[in-house]
């Protein structure tokens, strides 16, 4: 996926001369996850540049750049290191367009390597989607595959509104083949990755692979699980959620973030609103626990496992 | 850093006119008599409008209003030095600077009327950024804008206003450092008005604000913020330096907040009236008017004409403000997204029935 | 309520010499909402003091003070001005105790005047509860009455864990009588404020009054609404939510924050988990819109009104 | 600010020993021969352990590890100057300082093994704060701790370590300003190792870091961070100043990160090997050993004994690290709340089955 993201940046820089890429270590070194590798060599230091360690400063600078007609693509080095920029993101990136009554587009893309699963140190495994998806004025996406990473990042950069791109670290080194293309489902569209009739499994980011694995296990038990990759966390795809909930009557939503006020709560609440009469069981949530992300050696216990997902699906089916 | 602007020994700010209006430095700052008179006119207009706003607030026509009495020279002197294409990033207290930039006061005051947020005027057309409430957050915006301007090859300069209290925020620091290391065409203009709500600047920091600049690798200067000529010259030098490509300057304009923090604040809880009385002695308008009259650049007739114009102007603005309608309900949804998601549109329908 | 909060601080300072009160303008001036009025005069500048405008710095200083055995009670001047401290709150206040394996208690109370309804300027009407309630390691409370403000603040200060106290600005000047006491329901306990059988209305903060008003309107239509004041947003009171959902079978949850991934989503998801078979209708959410908090003149359209609450209740009842 | 520590002209750091170990300043820093030998011993132990950690990482026994080779004098010289009750707030690269403070290396390395977060040792008992990853966030902690110590009437000093890159963060600034305005008993100790991951310090800031202090109203000093004597003296003076109640000092110790940022980093992507070779010439251990030998304070036998001890020590730590078990699953829940809510306990039950 790292390569696909790199390609997306490369192509966006080529296509639109107003696109700028900056952040900590994105220039000369090419990013700690190699996502910006080679971009500075190709597009020069004016368009691809390193910044001091100043997350609030660079998020704020992105706002100013929008007023000057640029399209900043900013990298925050890790999930937890996006928090110093929270005031800029919530108070300005998200609200500025309303404040100036649409006279300036906040065409900012904020790339954040996110989620856990890489046995990282503290502050390197956070799932910050709740903070961003709750913030009106932002859009939030999280790809699960190289192809989607490419097109969601391209679409985010082209979008006139600020888009937070949560890149699943655990998928950076995934080996995937296939053409990268910019068409297909957009921001706001979920995708059904596997068909099934008994239960719908909803996930995003690195949990999508895990949910697909769970679906394979369940298939052996004659539970056919439909798998929905949300892709877009804000806005959510009400249409797909409603249809799948109605058709399968049973839903499990999976994420790494702590459960309380996680995105799963929103998915569950919406499904209840959209498909109450069709629900055969309460929407189940399989999530990280309401604890800080644990040290590497406890990671397996924290992250939703195939087993936990299957258990939840079985319970929902047996309800 | 050979061209560090001159500054007084220790804490003495650079000054051209003494509080009584007598010159103590070279008063030729390169302005024509018309321009010098315009400085007075703007200050008089601004002060009269400020007082009208306070009255409007008391009458319930504005919500909380932050007055700027005493800071006219700092704002007018600096804003007047700007070129057409230079861009201002203000706080919430730069109405005088806004007027000089040509921002329509009635539009600006929509903000204080509660009919719109901080950008009711067109920030791009007026080259005056939206009113900014979260302290110091406009400084990174200014840095980014300055970078963008340079990337476009313009020689426009970006100026950011901020208060003494704002210098304690991380955003001030991060922006100043970016400005320094990227040598941005930028002026960091601090109005040190002695107070941040109830905190005197002596409890805000133990350092002198202008001295911070050196740590970021660019020059700082402390100027008498109630001396419109000194402010103008310091700003012009900083602008020239930035236009030459030599990077930012930090200007600390020493002034005083004559009024309370805002109409919601009762300054008697934390400061002595005596301090305020003392500050009135250094009044920026009186000082400059004295000098204009003494040099013959202006006469009593001009002074009177200014006062009259200000009176008419204030009443016009009052009428405009009172006539400002509430925004249409749709606007709550119209400006959130340029490309609104369909779920958002469904919510709009739910809200507007 | 302002007076009750003031009294709580006064009493806490008197009772525990390790309690410190600090923040912007809390000392000499007594706070922009007068909550700290007179405290410095009584307890001295060492224990009640003004800080520079440095939200991150003072939240971080509170962490250090805990290591030195103090109990900091910190005021953030307004909701949106708590965001600059987000990194310190999420990365340290919430996680420090786990990091040091319980060797230090993070006995920090973070008081934040919150929510809207006072025709304030931009950034003065935010509802930040989602950010805090989603953050594992924190506790979050929001009183709705003077008595509760007193006891929740006292309990927050006494609590060995970090507690965010969201004080509803719109209730600061409420005139209420009655003894202030430190006993009664604690952090984690919701309260039923009005009994009813047809539907449960769940709210917190300033919305509680509005929901009580709605209940009065509904009573005239023979809809008896039970009113639950959550009080504690993290942890939520599962027991009360479950019981009320089971007994009334219909629930409306009300808050000022934007709907998506708001606390209402969590309440709805939990109720579905806890009482699915008893639900007669989907849990309804009456909330602020997914927009930035609007200018004062549009505030009435943004905040849940008695009418919107009643409408939702009627729909849920008629479902 | 009469007692500003002396410092070289312009950018020249204060130095006692030249890179070859010959004295260029007053080498009597008030340490006994035993203490001087102890400095060398700690540096040798620390370097050997650092290399062992890199080996352990390569063998899969540690997760990503950030080496500190080249920075031994900066860490040992400063930490050695601390009194028993002084408290250290480190970043993630202060293992050498930790050792001097008496932190058990095996406990410390639980963090790098991924068996616990940044506070596996007891920070209160060792007076060495938890390892801190989010850049510069430990500085406000240090300020708060220093305030707390002063409120308790102790004369203990708080020292915060941070890197050159950390000085760009808002938290550095806010903490420094609090330290200044509250005159906190605190030392802000910057290890300027030339790099912040791939960003050279010249692109981090255009200013000199030690000069920032003046803007906060307290003294700053730039010291040769590879000269353990100079570092020790600068730290001791700063500590004395703080203990006297005269407030904080900012020390910028000029050193060099010989290795990559961490075992996950490939420094050849962004820096020249030549630069590293050049930096080896100023090696802190060689320099100090030469001086100790030349003055006769240590002999070859002592040097050899240090090396041998370091060897044994490294192997002991290795064994300890490898033997460190994964924590019990319960610990994920045990330490989150002192007073866990009942819903939290239900989740624990769900998780642990």
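Chains here go by letter, A, B, C and D, matching the order in which they are written, and residues are numbered from 1 within each.
Going forward, a contact is a pair of C-beta atoms (placed from the backbone, for glycine too) under 8 Å apart; a residue touches a chain by one contact, two chains touch by 3 or more.
Because the structure is predicted, anything quoted here is derived from the model rather than measured.
Enquirer: As a test of understanding: of all chains, whose mean C-alpha position lies farthest from that of subunit A?
Expert: If we average the C-alpha coordinates per chain, B ends up farthest from subunit A.
Enquirer: Can you give the whole-Å distance between the Cα centres of subunit B and subunit C?
Expert: Here subunit B and subunit C have centroids separated by 36 Å.
Enquirer: How many angstrom lie between the centres of subunit A and subunit B, each centre taken as the mean Cα position?
Expert: 41
Enquirer: I'd like to verify one number: the distance from the centre of subunit B to the centre of subunit D, where each centre is the average of its C-alpha atoms, in whole angstrom.
Expert: One centre to the other, that is 43 Å.
Enquirer: Subunit D: which residues touch two or more other chains?
Expert: Residues 116-118, 134, 168-171, 174, 177, 181, 203-205, 331, 336, 344 of subunit D each touch two or more of the other chains.
Enquirer: Give me the residues of subunit A that touch two or more other chains.
Expert: If we look for residues of subunit A contacting two or more partner chains, we find 52, 54, 56-57, 80, 83-84, 87, 91, 95, 98-99, 122-123, 136-137, 236, 289-292.
Enquirer: Have a look at which chains touch which and call the overall pattern line, ring, star, complete or other.
Expert: Graph shape, chains as nodes and touching pairs as edges: complete.
Enquirer: Residues of subunit D touching subunit B in their complex?
Expert: 167-174, 177, 180-181, 183, 203-209, 211-218, 247
Enquirer: Using the touch rule from the top, collect the residues of subunit A that touch subunit B in their complex.
Expert: 20, 46, 51-52, 54, 56-70, 72, 84, 87-88, 91-92, 95-105, 136-137, 139, 159-161, 187-188, 235-236, 238
Enquirer: Under the touch definition given earlier, write down the residues of subunit B that touch subunit A in their complex.
Expert: Of all residues in subunit B, those touching subunit A are 87, 89, 116-120, 122-124, 129-130, 134, 137, 139-149, 151-152, 158, 170-171, 174-175, 177-178, 181, 331, 334-339, 341-344, 346.
Enquirer: If we count contacts the way the header does, which residues on subunit C are in touch with subunit B in the complex?
Expert: 24-25, 27-30, 32, 50, 52-57, 80-81, 83-84, 119-124, 259, 289-292, 294-298, 301-302
Enquirer: In the complex of these two chains, what residues of subunit B are touching subunit C?
Expert: 63-64, 111, 113-118, 133-136, 165-166, 168-171, 196-199, 203-205, 264-265, 269-270, 326-327, 329, 331-333, 336, 344, 347-348, 351
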